[in-house]
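Here come two complexes built around chain A, the first alongside chain B, the second alongside chain C.
Up next is the complex of A and B:
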């Protein structure tokens, strides 16, 4: 395409080797995040205060958690639309059951996480043994799970035990627990991705047939990945309810598409087999900081949708053309 | 390109998923007649058909997009665009406003299509992003009209009828027959199937793959916007979340109609069955004393059942033809 010649020349002209070019492209989300944070901090220095950072992470945590979970489903070559339903269901369950749960509120939290794992596992079974395309299987279960959320709690309400809220909004060692959770999340991923299980996760997502030839049992790996996605979504619902101190049986749906956006902006391939939770955290943070910048600029929050969409298209198109360049 | 005329068992294999989806519709219809015959009498029947027409129109373009191997997640926002923009065009004569909105909807669809074919963005991401842009536009610039009055013409279209049937239903019927015929009888239809089945083969056989793809998204945008206009007329108001049920609805109708999400297999005749199934479910649940939550659960379960029925039909037919 002739109109792309300048872009092509610019990309060619940048770093010398192919490898360096690929690295630069991979680092783009990090550069973008650092730049955005710098701009955000310059416009409104108060937002870089640790307490403020903690508060903003606290409100952004549901998106981060859902997106991290979604990453696992996408890594094995799937996608999970049902996360919205699981978030809503977990939020509704916490607000209705935790106060009266035999064994106390923390037992309820554990059980709700278990519900998320099972719900995700059902998706995994439909995708593997049920042989349904992930998009369709999770479209159906999205409807089921979000319906169950409304059965449990027909409209916003219920109560969340104070100790759960206290943990989510509290501080440890001077820093907000939301910051610690993010640190733990990224740390756990960095450890996890060196494990043999992570290797088979990437292998199945990259090329399932080849992975099977090499002796990876792909079905259990896929089911585990989908199950973990459900677990993350349940955690997001718990966090959402804990920080808002109420049950929100419809809140999850609004997280489905942004979670996919965060993953794609971070650099994980929708084709599976490449990327990771670390990248997704960066992508989700970009979206959250963007919202902040838009607010500081005095623009309405809806303006963030427009910027996010442009960013999404831009990043994917840029990677596409870079790949085409490498192929030439 | 030569047109094979399928015979005997081939017909059965080709149409098994469609037959299965009508079977599901028939089961629900029998349930409806058994539990609540009044749902399907006179005025109620027309109301249900009108609801079906909205889903059917939103699913029309979605069918083409899915047949060609894509997916359109921007449908709810383009539909809301049609509904809200109608209020913004209040100064124009009704007919002109509606035509303009359908054209603009088509242009939004074209953006989807061009992004997919020229920028290499996957359909899921591209249509999410474009949906986000439209959503941003509606909330940012359409603000005065969030609950806007609806021009006279839209009201007229919605309230008039031809013979015993509402005009909307007749319009849907005409567009449905046209789509069914275009898909099965014309070169354009053949191209859409070919692109969805295998785009490399399609390219090698001389089909302009990008423009065929873009065309499906254009139709999807135009139809979603048109459905939005009619829905605004029907409800007498327009608001940004007006299209929300139609993301799920339009895709579910196509899938329940026996189409394959990978593209290349399915038909609008099947989508009509899917549309009727969803409408019947929506009508039946309150009769059975079920609420919004249970309705969603039932939708999900029926989709799973429908998918396996379509698959079962396909398996059965291919076994017989062996």
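Up next is the complex of A and C:
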């Protein structure tokens, strides 16, 4: 169409370098992670041994799982504070019910995951049909789920069936199961994010009103996302109890804010609609490696919090700055 | 009656809709047949947008029925409308800002696993769609929020075209597009009609109605006033039906009110993506700013209004003008009516009174910083009355207003601030003829009173009719300033695309 020639010239878009800058920014968490791992390995070569990696992932897995679940709630434009309560509840249920569960311990595991999905689904219903702001809705259910956890198990204790612990701390094909779980998690996400459902998830988070115009039914999408968040939190509680072989009805709360930090450092937008679980895994790993580095340096774990927070501020500020460059 | 057996047809019968006490539709009727482009006309607030929202399933009507080819249409669900084959180019666009163009074109569509699993497949699909529809190339790998408005509008149109459709609705699809792209849209509307779709076309540009619409339906105050073949109506008749009164003329009598006195002098000045340039705005003059989308018009205005950092010299009324932010610009006497009235011009949840008074609050302070509400209300009311906004609505939230009314409130805010130089960013986009005429009248009055206006419009005809001089922007520079005598749409376009102006035309 020759008449569109001047227009083509006008719309030719931005120079490639600006785009490259944006891509570089997206890769920043990866670069940071690789750099940190290199430093960590240089200071203490033993930590790069596969068995060690497996062990560290095993103890970091609850944070990774909670953060991955939280990512889904945030992607649809929400946030879920109740994950802390769900982790505690799931841990308490496993330690009290699994040994005596009618269908055996594995049926208990499935049921507890179901409890997590339902608890998350309730959040989703409050946020959609109930029209409550996610922050308020999940602040309330956080207390409810935490309370239920303490009803089930008033203080740390209970027992976890050995076969469950064996799976969590075991090995398959020479590698720790924690490593396999992480691989499966990231792989599943990479496939999932290309499904039409994932596109509608991003669409709802990006702009709910417009997503509706496009025929996306936003309520089911949001409820599904919150429900999955609850499912992930329940999985985190199961993992926690399985690896510590005890019920921890108060352990979940400590994971809420770090899960959000992991998401932000990974690069998922707190406004919703952009990011993903892949990024969050990178963010969570950065936090875990940082803790390791602080430990190797012989500093108290408290330092890890300070470093993490500085990193959080730095990443957000840097992104904001680069975004402005890109808009110029 | 629709001619049966003659292909598809769409019939809207006595549709009614009210939002609380505000009646949006009070008996809208419409009949359109496949193969024709049917214009839907009316002032802003006449109910066009409401009718389109109903057709596309965004809202359900209170009463009435809609039939498509003999079957009643399921209402109140966008997915139902889509399934029935109604595809809409939304005025406010339905693209998700955080997703890329390619992802946006893939929402709700099964592309096959391979195309899904690789980002490349998605982008190839999007590029193929753009090519198929003869659209200009757009970087479909970028998030939509980083694209220009014109690019987004093109994507929105391609999206609607690419859905299987029996009915295709264009809701002001050309409002932000430069002439060439507008022509492309008109061509697509024609093509769709020719291939057997019912096409509804909403526009405020008379020329486009003439060019593309075979038949028209005119809405006024939520009801259908007339419909028929476009050729049966003169321009005057069309406008008269829309307004319910004869509009004397769209552009008021021109009386050159510009003096040689300089109001704002900009020298070797640069701001983001613009300059270095020099520009003089005379007292009481209307200086038009023209250009193709994205050549620095927005940045020029934002820079002058202090919202973008700039370098170089600016002299306002003989004094050095160096605004660090829009607030200090307003204090110095430069006020901007921004591009996006909803996001940049208004605080939607706040009252009209508050919105109009916002830029002048300093004047209504009383000791201790309390606001003199009575005095502010009196001044605001004087201005809004002139703009045709009844006093009883002053306490309503700005979000309740129609597009044209919103623009009036934004203008009212600028007027109350009593600027020396008023910057207008496409303030007539998507505004009905009646409001436009009022805005033009007001611009001339301001110019007569000695206010200088810098008037950017994407509508070249408006610029030619309103401006004393026109500065045409090309790639962040002033390509040429057209003086009286050489003001024409042809000349604007020629400068904008870098063609020579024939000496005859410049005489």
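Following the convention adopted for this analysis, the second predicted complex is superposed on the first by the 311 of 328 C-alpha atoms of A that agree within 3 Å, B and C clash if a C-alpha of one lies under 4 Å from a C-alpha of the other, contacts with A are read in each partner's own complex, and residues count from 1 in each chain.
We take it that a residue touches a chain if its C-beta (ideal position, glycine included) is under 8 Å from a C-beta of that chain, and two chains touch if they have at least 3 such contacts.
Computed from a predicted structure; not experimentally measured.
S.K.: In the overlaid three-chain picture, which partner chain does A:312 touch, first (chain B) or second (chain C), both, or neither?
M.R.: The answer is first: A:312 touches chain B but not chain C.
S.K.: Examine A:213 and indicate which partner it touches, taking first as chain B and second as chain C; both and neither are also allowed.
M.R.: Only chain C is touched by A:213; chain B is not.
S.K.: If you stack the two complexes on chain A, which partner ends up touching A:151: first (chain B), second (chain C), both, or neither?
M.R.: In the superposition, A:151 touches chain B alone.
S.K.: Considering only the touch criterion stated at the top, classify A:179 as touching first (chain B), second (chain C), both, or neither.
M.R.: A:179 sits against neither chain B nor chain C.
S.K.: So in the superposed three-chain picture, is A:24 touching just chain B, just chain C, both, or none of them (first/second/both/neither)?
M.R.: Neither partner.
S.K.: Check the residue A:53 against both partner chains and state whether it touches chain B (first), chain C (second), both, or neither.
M.R.: neither
S.K.: Where does A:205 make contact in the superposed view: on chain B (first), on chain C (second), on both, or on neither?
M.R.: second
S.K.: Please report the chain A residues shared by its interface with chain B and its interface with chain C.
M.R.: The overlap between the chain B and chain C interfaces on chain A comprises residues 1.
S.K.: For a test of understanding, state which residues of chain C touch chain A in their complex under the given definition.
M.R.: Going by the criterion above, the answer is residues 56, 58, 78-79, 82, 88, 90, 93-99, 103, 106-110, 116-117, 134, 136-139, 142-143, 146, 148, 150-151, 178, 180-181, 183-184, 272-273, 292-295, 496-498.
S.K.: Which stretch or stretches of chain A touch chain C in the complex?
M.R.: Chain A residues touching chain C: 1, 3-4, 6-8, 10-11, 13-14, 19, 191, 194-196, 199-200, 202-203, 205-207, 210-217, 269, 271-274, 326-328.
S.K.: Which of the residues in chain A come into contact with chain B in the complex?
M.R.: These residues of chain A touch chain B: 1, 79, 126, 132-133, 135-137, 139-152, 154, 249, 257, 260-261, 264, 270, 300, 302-306, 308-310, 312-313, 316-317, 320-321, 324.
S.K.: Please give the residue numbers of chain B that touch chain A in the complex, ascending.
M.R.: 71, 73, 115, 118-122, 124-126, 128-133, 135-137, 139-140, 248, 251-252, 255, 261-262, 291-301, 303-304, 307
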